[in-house]
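What follows is a pair of complexes built around chain A, which joins chain B in one and chain C in the other.
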Partner chain A sequence: MNSPPEGGHYVRAVPGAAYLLAILIVVFAIFGSGFATVANVLNIGVQSSVLLLLALPMTLIIMSEGLDLSMSAVLSLAGVVLAWMLMNEHGLPAALAAAVGVGLAFGVANGILVVALGLPPFVATLGTLGVAQGLALVLTGGQSVVGIGDVLPAVYDSRPLGLPFSIWIALAAFLVFRFTLSKTRFGAYVSAIGGNREALVLAGVRANLHHLAVYALGGAMAGLAALLLTGRMSAGHPTAAIGMEFDAVAAVIVGGTSFERGKGRLGGTLIGVLTIGVVKNGLNVLAISSSLQVASIGVLVIVALVIDSMLQAVGARRRGRTLPA
Partner chain B sequence: MKTIAYRLVAVALIGVALTLTTDVFLTPANLLNVLRQASLTFLIASGLTLTILTAGLDLSVGANVGLSACLAATVMKSTDSIALGVAAGLGVGALVGVVNGLMITLLKLPPFIATYGMLWTLNGVTYWFMGGDTIHGFSPGFRQLGSGYWLGVPVPIYVMAAFLVAGGIFTRYTTFGHEVYAIGANREAARLSGVPVRARLNLVYVLSGAMAGLAAIVYLARLNSAEADIGEPLTLPAIAAVLIGGTSLFGGAGSLSGTLAGALTLTLVVNGMNLLAVDANWQPLVTGVIVILAVWMDVMTRQRAEARV
Partner chain C sequence: MRGISKRFPGVRALDDVSLDANAGEVHFLLGQNGAGKSTLMRILCGAHHPDAGEILLNGAPVRLTSPADARHLGVAVIFQEFSLVPYLDLAQNIFLGREPRGVLPGTIDHRRMHAEARRLLDTLGVDLDTRTPAHELGVAHQQVVEIAKALSQNARILVMDEPTAALSDHEIDRLFARIRALRADGVAIIYISHRLQEIAAIGDRVTVLRDGRNVASFANAGNFANPENLANLVRLMVGRQVETTYRQKFCEQPGEIVLDVRDVDADNGVHGASLTVRAGEVVGLAGLVGAGRSELARAIFGADRVVSGTVSMNGTPLGRGPVSAVRAGVGLVPESRKTEGLALNRSVADNVLVAGMRKVFPSGWYCARAAAHVASDIVSRLKIATPSVGRLTRFLSGGNQQKVVIGKWFAAGSRFFIFDEPTRGIDVGAKAEIYGVIDTLVAGGAAVLMISSELPEMVAVCDRAYVMRDKRIVGDLGRADLSEANILRLAMHHE
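Let's look at the complex of A and B:
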């Protein structure tokens, strides 16, 4: 149980999304002056780091044939809590603990709704999205929470070994997730939940508990992401992250994780996150309005899905089989 | 029928509670206001109901209302023609439905992902198109559709009643309606018994889009102004209305009259909160809780039914 399930998938799947990313980088580097500079590349990394923190657990959730639409609303709420704690001078560790705690509570609630009560994930988490967003609005009266002191902004602006703080956090999170998914028992179970839950239960594994933990992890990661988001804005805002859950779902899909086959690709998700970062940044450099960037992510997802289904068809033909209709 | 009765009891209970706690609830003006609000939610939720009956979902209805309203407003302003504006709104709404349908039937994307992608794509296009502008001030003739009265009753209520009756006949007494339920109950069985599943699904999503377009027109006439974000708060209540109304997310069971009951319940709750001077920021929270409770009931009903078999 200690080896990654069907490890070959990682190797074969990553290039699909990677080619797309490479083409985009070349196009933007040619047509956008200022795109291919060290400062801008670091900028893309910083902008992508919050998204990666959401997209990593979203990969596990989608692998388990689920979805978490509440993630960005929970992130906004956790950001408000974090900022409020800092404003009242409770110190960064306590504030971070509170933010992760709030995220964890929502994650556990999502897990209970989906796993224990059996609600369809997309509507259950649409409900908790409303609850988290409502709570953030009620707590703040719709206003930003400012005056968070100097500690968090100083940490956020620090550059250990020349790399921005948020890139370190994102890298660390990626390595931890990668290790967890491929080298631990939990990772093996999570891979099996979406693919072959029955076998897991028959083997005496408490599948429900692990399934719930996947959602709990998603909430906690949204809480952690609040650290970076609040640091970047030097404030907490109740609707700061609206729509980011779509980017996270998009990154996971672009990265080649499938809703139906229980196969997750964290390397693919990283490439998906970077692709979205590059698209947004490149369109910025080309001075295309941010609202069209939102639309372009939607198109990107569809293109990725079409490429995915074409590759599958080609692969099936090569293996001399036809896809089931 | 029993489930409809439960829902009417819920509506009645909320009504009694509000009558006792507020002075203005039980006044003709407020009741008509509730009905008018509910009729807008119903128009958006009615097409959505059809998609959910087929075991699908259309998460893009709210964003579709936003884009359709903004385009209709622009066309109406620039051509001075109500007819062209209305045609633009309905046309865009239906076109969005065509794309949703093709994504689901041709590309075989799961409906919630296809329409969720559509939601954000439409939001982006609408914001880009409007560029932060507000379009307001339409001809009095057009505004009658949203804020006018006929025989003392707001016009949107007539629109709602017309679509409730037409939709009811459509879903209950036509082959198309039976096919919609059949696809939701068991898609494979429907296909094997000769239902053109893809064509019907395409039509259902087009209808959902067109109803969003129609709702956009009525909404525009009511608000007398269009902004890029007007559709955003409409998605969650529309889904809540369908689910409270007893239409099952698993497909094949539910009705448009249930959705009306759902829209009424939800509007009563919001109206009550307004009358009791509850901060409007509570609304997404309350709607979210209602959605969760409604889905939970749906799941429990289904599990009980399966246990009986």
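Let's look at the complex of A and C:
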């Protein structure tokens, strides 16, 4: 049997979202003047980069048959901490370390609740969402943290090689996650935790440790995302990221990752994130109210899933039997 | 392994069992379903811990606290239930937990992993792409991957739990060639199989377990090429003749055909099944675990889709789905009573009435007094021991819970009952009561189809029995021929 080149092995089904994204781009390009400009395309990239930083670890968490609702609240809290550190002139590296540290702490807490205490991920992370959101509000008294100096805004506005800083970060994160999932043991174990945890335990792998690490990674990435979010707003706002967990889960699902059996793909998540970015941006360009945007993302998730399940039904019929559930 | 004992809540799974395996031999472990083979092997691989007894390796006692321990000591197991990860590819599955390391820390050397996986699959004579994700494989290929996974561990002790169950003859030949090669290399192999003809083909020694105890060992497996010796072996697995019968009297004059199943193929794999059950009869559905008994029951009940053939009740074909089965008077007492049969946190009355709401309240209005009345009536008819009909079912004993499940179908007015392992996990006294209930049902003209893995129960309770193997009905035993040995003979592959 001849093996195809590394990485591009067996034909992977294209997620339904890819078709959707293509159609949306064509529609918006035709009807929205100013949509298909270089400036606007970069704008979509910048707007999508924070979401991608959340959606990447969310993909791994969902692959492990889990969920992290706390990510956006942890992002808000980390953003507030980051801004506060900058305001008190601790310098950007220390501020970033503090933000990632806060995120990591919440991620580890989520991991302990889910893995060690066996709480359902939905419940555990709903709890930590409340805690993180509450802390962000208490620390700031509900006010924005302003006066963060000019180091972060300068970094954020920089354009190495002509591409905005946040796009570089998002791109780097995507490549690191892809490498991790396909080339490392940890990546293989994430799929195994969701697909057949018993098999992993019987293989003598410390499944609990890897399972916890998935959640810890989610928290840390929320801390990293705070860098971009705070940079964009030049301030730390305690409710800046509210609702973003919905977009992150939506992007992952639209991208074809399943809540069951450890099935997931990061390429799909990237497409999902871009699809959501394009919808939001396109509706803005068409001057459609932002309230309708939330509804449109809901519709998007459903349409993408319907397309996916139709594609799957076709694939299953062609293949015959699959593993018992 | 010496003097191993293991108790699970309510059962003594292993009682002072010993088993040894020498380097360079294939040791067959035989026994009926529930004899304790799988438990013993799970102890050997560190997944269960024995209550008593010790495990010695090369003469020195070892403690196995986890599967990782067992693996480090050179024990590899091919499990009966597949332990594959659906969205990892074959090579990743084969080397799960033992991936060849890449240059960077934490990374996998994919090139080497796939090359080694390729080599392993080649020795098994299987032409599969090592990059295929496991979920795309059929059952036989999954089995092959399991075998490759165990072989890749270079184990000194290799346990194979029914490795050939899903394989074709060609694949079995290749597997046996591998087993002979491993034996020549000095690997100790413990081999569990229900295909008795395999003993003579590759076995060296044989140990028989029954009811969690050692009952016999034979040094020369070659003798089992002789069918007479094989028949003796089956008798040993079955054990003592059962003197007690549980039924007061068996059905002499069965009534009209109640259930008529004709040439049913279902999408769960059941193939070409035909059977009839008459009023007043208890008909058994026997076979080994995985033979397709529960699948056939689900197809009859409409829980799994019937692809071709017909299922008729009292001469009328059933429509699709459980709703039409229930309306036609079919009641299913499922295998896992706590998850499929009961709402544990609801009262006895709620549980008993859940299937019969349409019958008891045809208008759609719920009346608590009428509900309590109907529930009390059923509780007294079935002699369910509960302080009141308001008691939550999770506080009842296993036997009484089972009666509540049966009572549910009383309220629904069922005339045909499917019992799937009705006495699993309940004590002897409660068993007798369940048999009493079955007796009363058929005496009242109802018909019963009973699935059981306990052969003595099958023989003692049923008027007739069908035997299944590989998702097909392979035999039909009348009362006169109904014996444990005859059931086993049909249920296993050894003709």
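Quick note on the criterion: the second predicted complex is superposed on the first by the 305 of 325 C-alpha atoms of A that agree within 3 Å, B and C clash if a C-alpha of one lies under 4 Å from a C-alpha of the other, contacts with A are read in each partner's own complex, and residues count from 1 in each chain.
Following the convention adopted for this analysis, contacts are C-beta pairs under 8 Å (C-beta built on N, C-alpha and C of every residue); 3 or more make two chains touch, one makes a residue touch a chain.
Keep in mind the model is a prediction, meaning the values are calculated, not measured.
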Practice problem: For A:Ala29, select first, second, both or neither according to whether it touches chain B, chain C, the two together, or no partner. | Solution: neither
Quiz item: So, does A:Ile302 touch the first partner chain B, the second partner chain C, both, or neither?
Solution: first
Practice problem: Using the superposition on chain A described above, determine whether A:Ile112 touches chain B (first), chain C (second), both, or neither. | Solution: neither
Quiz item: More chain A residues touched by chain B or by chain C?
Solution: B
Quiz item: Taking the superposition as given, does A:Thr184 touch the first partner, chain B, the second, chain C, both, or neither?
Solution: second
Quiz item: Who does A:Leu42 touch here: chain B (first), chain C (second), both, or neither?
Solution: neither
Exercise. May I ask you to decide whether A:Gly195 touches chain B, chain C, both, or neither, giving the answer as first, second, both or neither?
Key: second
Self-check item: Residues on chain A engaged by chain C in the complex (per definition of touch)
Solution: 1, 3-4, 6, 9-10, 183-186, 188, 191-192, 195-196, 198-205, 261-264, 319-323
Self-check item: Residue numbers on chain A that touch chain B, as the complex places them
Solution: 67, 69, 113, 117-120, 122-124, 126-135, 137-138, 141-142, 243, 246, 249-250, 253, 259, 289, 291-299, 301-302, 305-306, 309
Quiz item: Quick one: in the complex, what on chain B touches chain A?
Solution: 57, 103, 107-110, 112-113, 116-128, 131, 228, 236, 239, 243, 249, 279, 281-292, 295-296, 299, 303
Quiz item: Touching chain A in the complex: which residues of chain C?
Solution: 45, 47, 66-68, 71-72, 77, 79, 82-89, 92, 96-99, 102, 106-108, 110-111, 114, 118, 127-139, 142
